[in-house]
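The first chain written gets the first letter, and so on, giving A, B, C, D, E, F, G and H; residue counts start at 1 in each chain.
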Amino acid sequence: MTKIDSPLTIAGKTYQSRLIVGSGKYRDFEQNLTALQASGAEMITVAIRRVNLGQNPDEPNLLEVISPREYTILPNTAGCYTAADAVRTCRMARELLDGHKLVKLEVLGDQKTLYPNVTETLIAAEELVKDGFDVMVYTSDDPLIAKRLEELGCVAVMPLGAPIGSGLGIRNPYNLRMILESARVPIIVDAGVGTASDATVAMELGCEGVLMNTAIAEAQNPVLMAQAMKHAVIAGRQAFLAGRMPRKLYASASSPIDGTFF
Amino acid sequence: MTKIDSPLTIAGKTYQSRLIVGSGKYRDFEQNLTALQASGAEMITVAIRRVNLGQNPDEPNLLEVISPREYTILPNTAGCYTAADAVRTCRMARELLDGHKLVKLEVLGDQKTLYPNVTETLIAAEELVKDGFDVMVYTSDDPLIAKRLEELGCVAVMPLGAPIGSGLGIRNPYNLRMILESARVPIIVDAGVGTASDATVAMELGCEGVLMNTAIAEAQNPVLMAQAMKHAVIAGRQAFLAGRMPRKLYASASSPIDGTFF
Amino acid sequence: MTKIDSPLTIAGKTYQSRLIVGSGKYRDFEQNLTALQASGAEMITVAIRRVNLGQNPDEPNLLEVISPREYTILPNTAGCYTAADAVRTCRMARELLDGHKLVKLEVLGDQKTLYPNVTETLIAAEELVKDGFDVMVYTSDDPLIAKRLEELGCVAVMPLGAPIGSGLGIRNPYNLRMILESARVPIIVDAGVGTASDATVAMELGCEGVLMNTAIAEAQNPVLMAQAMKHAVIAGRQAFLAGRMPRKLYASASSPIDGTFF
Amino acid sequence: MTKIDSPLTIAGKTYQSRLIVGSGKYRDFEQNLTALQASGAEMITVAIRRVNLGQNPDEPNLLEVISPREYTILPNTAGCYTAADAVRTCRMARELLDGHKLVKLEVLGDQKTLYPNVTETLIAAEELVKDGFDVMVYTSDDPLIAKRLEELGCVAVMPLGAPIGSGLGIRNPYNLRMILESARVPIIVDAGVGTASDATVAMELGCEGVLMNTAIAEAQNPVLMAQAMKHAVIAGRQAFLAGRMPRKLYASASSPIDGTFF
Amino acid sequence: MHLSVNGDSMQLPAGTTLSELLTQLGLANVKVAVELNREILPRSKHHDYPLSHGDALEIVHAIGGG
Amino acid sequence: MHLSVNGDSMQLPAGTTLSELLTQLGLANVKVAVELNREILPRSKHHDYPLSHGDALEIVHAIGGG
Amino acid sequence: MHLSVNGDSMQLPAGTTLSELLTQLGLANVKVAVELNREILPRSKHHDYPLSHGDALEIVHAIGGG
Amino acid sequence: MHLSVNGDSMQLPAGTTLSELLTQLGLANVKVAVELNREILPRSKHHDYPLSHGDALEIVHAIGGG
């Protein structure tokens, strides 16, 4: 396998795992960490939010449980509906993480659909790249927008498979194929995966990786689903590299026809 | 995982792997064995055919390369179009394998579609069970026929996902769901799998295992596809056990909405 | 159109409409008749049941509302789970309808799935053909069973698109294509249609007609849905005869590229 | 039917037909006109191109064959890859058609995929609306962009079903549903339709109309396919208004269970 | 005499004919098919057909079905 | 004088009018739109409109398109 | 004597045994199953089993199949 | 003096420093980022940074998100 595949490389850093996970919607940090370990992921997204004033100072902190020394922390701009808010959030994240440059940019259109706002995303991506960030950008499956985000200097382009949290899988593989055909940076499916086969399908299309949160965190058994996703991404990557058999309307026998004695 | 799942049990024997592979269509025994090892499968199908008279006595023999001591050999009745031929083939297989009772029954309708002939299959299954065989039976996705084969005493019922060698995947998951809802013996998808995600989908439906030949043997890189299938079956089984998230037309945010500072 | 197509012919009688409807699940005879007229169908199925003793003698009778002089009445064997019951029902129907020979044979497996019992269906079909009936037979989408029913002398073979009353559409177009490729009698999709596009898809595959009941009777507006189905069947038939454009992953401009002035 | 439905209204003009056709890719004007008449369409797209200098003055002209007095002519901006070219083309069209204000705006991204360039489309739409045009705008299935085009004052928003000329049908019904849920102007599927059932599906989703060119012009029999599309659009509209039956995994009998005599 | 009609047992005066029974049941002018002891009894024979003790009759008609 | 018409350069006698040019091109009775130096020239002004050296004309019509 | 072996007719000296035939066919040490006149001939009986004129033998082994 | 901290208004003695405020809020040893009047205030400057009347502070940390 290693002979055939090369590791995923983002902003100069290589990753053995092609699965990126989130840290939202878990019962507690403990479950989150166990699922993270089960998934084999090396990168995990976090959100940036105000501290609660008057909180118990001994209350554990996410980054104490999931250590930036062990995992690549990917701060996101979830909740931002304008380019300005997204850029401001990334700068806060960089300060919080001691100059960390890698961010997940997402600028959404509305709270109902959480569909990406591609025009605000283009504006924010350009400003963040200028400001020295390594931008992994969440976007729709519009192949022209994906291409422009690559041309603006994003280090990874992350089209949706389906809306955030929908679990509807890869709704439009044709658009992903168009995006993949001309891509020169890693294409990572972000959002839409609902179960293991969705991740396998994304990888079989030729994506470089898959990012998911809800599919693991809201499974009845998140830790077991995390294991499933680990295998699903490996399976899809290997199947893509192995080259599938052709489809036929008609059958072809797997056992030879010669030599029958009846 | 092991805590949660129990191993696949067929005719009283347990298997850690839920993947069953074939031995047809490989370049040579060497490639077949390497793919078998990569797949992690513990059971492999073989066909029964006349020896070539005047063959070189030193020519290697399949059962010398793939040892019945290491793997469960599953002789099939491929090429049989009548119950009588299938029963005769199973008896030859039992003699050949020193009293081995486990067989894969398949009675096909015609060489063009290789679609199972369910009426002949019912006749052969009844006779083989009476004669003491442990019958794993290949059939269509007709839920009534599957049920009757179970009632006749077959140790596993193996409906098709799509025609043999077609690689079309799971064409009718609804029928498989009907079969699974009332099954009391292992249901194993046999035929139709074309790539890794097809196997994952079959397992996510709740099947106990997957049997495939062409998808591995006719991949551009059979050994790598065998690895992919190993992971795909594990992924699908774990996802089935973990319980997937519900599908929603609408999105739901993975990051909290409270605490935004903009 | 008429120049290109020839009318549907069943048991020597021709029909301009390729839509066959049922008479079950309607609010009343009035709604049933109005929907029948809106659908343009010329053939309608009926069930054979015991008269209610002590019923009001003036209570209208289905065959007084839907006249055998205007419509071809197709008595069915709904509710039969054995060949014997189905044959007995057909004989009662023939007596009731003054020697009428055309029947819809259906033998089901259980009340939960209403999936056809193909082995009992084969037995009943053979006996009914011997007894001089013109048999339109409901069956699964098993291409071998469909072929044998044709060979037994059925005048039309009617595979399911999906289980009776499910409205799941054409679940397995591949099997229908196999059935159609070798058919020498009309193939009519019976059961599974849920909305207009399902009927169009069935006809585009090359089926000679579509039979439906629930899709019309349980629509919110049955009469309007009956009109929709009339158009849907015509649309699918014409599209099949017209020969669709090829599918392409890539676009091709509908307006010429030459002559632009910018 | 007319009681229940109201006609399609665009820019204050009503249309009985919900099918809009193109005039490209036909063998000749004669075939184009015959197909147009067979389709029942009342609106037809045309392209604006340079006259060929030195052409035979007696050579027939499209607008002499397809008369603006009988049909609503919809000049398009096909071939435009910038907002500026599209606006310029619309002004030429308005002059050519004596002040005609209705145009089809399309700004594409590249000649390979013909995918719409949504950012240039937004710019052109705004300028055209300011300049007094009634803009029917071709766009992707991005629900946010569709909403903004509506807010800019376009009289109809026309998302793709699949890329122009691909014939792949409605690739992502989920996005169309999101667009339809909040739309206040007619949503018309433009591009992607390959056969009749694709048009029916688009209408069943609740679209107000369908625009197509290649599916008719490149059918083996364009005139017959035009008839098919006429029926397909009516069928889909009526089915949408009639309200389809619910889908069930399980069957439900269309004939009563009471009163059986066996 | 006792008969079974559509699964219900009925008490009828000896010598009752089928046509009398059908009239009594309000089915004189209704299109029905009749099975007597599991054999079809053709409509042509209904008139004056004598019923016997222990006969099992099935009287059916057409109703709505899919 | 030299003009550009639909991208081709043409040599015309000084003082040629647009209507003369259209007639010469066989377009006198054809429904076309004309752009002169990237500005629409309304049909109402075509008659006797004097062309000048260096003018760039675009003459368009409607053709089949999707 | 004449026999049929896997569908081919063979000429063998009278009294040839099955083990002799298998040796002659190079199958002495190969794992095969033998059917004699459509009845399985168990491996235990191969040794010295006398073949007769007109016997029909099927000799099979396992090969790759799906 | 009055300040706004994460949108809440706070009353603090004049001359309070940022590090004093963070200590008072129990955040002395918590990994946070601070924005003062919409400009990032680098951690290196937190110590002894004097707050002023009307300052608007945003104090953020990382939490679970997808």
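Quick note on the criterion: contacts are C-beta pairs under 8 Å (C-beta built on N, C-alpha and C of every residue); 3 or more make two chains touch, one makes a residue touch a chain.
This structure is a prediction, so every number in the text was calculated from the model and none was measured.
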| item | value |
| --- | --- |
| Shortest contact path, subunit A to subunit D, counted in steps | 1 |
| B-G or C-F - the one linked by more C-beta pairs in contact | B-G |
| Furthest chain, CA centroid comparison against subunit A | E |
| Mean-CA-position distance for subunit G and subunit E (Å) | 71 |
| Whole-Å separation of chain centres (CA-atom averages), subunit B against subunit C | 36 |
| Rounded Å distance, subunit A centre to subunit G centre (Cα mean) | 63 |
| Centre-of-Cα separation between subunit F and subunit D, whole angstrom | 33 |
| Where subunit B touches two or more other chains at once, by residue number | 22, 24-25, 47, 49-50, 76, 78, 88, 92, 113, 115, 163-166, 168, 174, 213-214, 217, 249, 253-256, 259, 261 |
| Set of subunit F residues in contact with two or more other chains | 6-7, 35, 58, 60, 63-66 |
| Interchain contacts, given as pairs of chains that touch | A-B, A-C, A-D, A-G, A-H, B-C, B-D, B-G, B-H, C-D, C-E, C-F, D-E, D-F |
| Subunit C to subunit B touching residues, read off their complex | 109-110, 113, 115-119, 122, 140, 142-145, 162-163, 166, 168, 171-172, 174-175, 178 |
| Touching residues (chain side subunit D, partner subunit E) in the complex | 253-256, 259, 261 |
| Touching residues on subunit E, where the partner in the complex is subunit D | 6-7, 35, 58, 60, 63-66 |
| Touching residues on subunit D, where the partner in the complex is subunit F | 22-26, 29, 32, 45-51, 53-57, 61-63, 73, 75-76, 78, 88, 91-93, 95-98, 164-165, 212-214, 217 |
| Interfacial residue positions of subunit B with respect to subunit A in the complex | 1, 4, 22, 24-25, 47, 49-50, 52, 76, 78-80, 84-85, 88-89, 92, 111-115, 163-168, 194-197, 199-201, 204, 213-215, 217-222, 224-225, 227-232, 234-239, 241-262 |
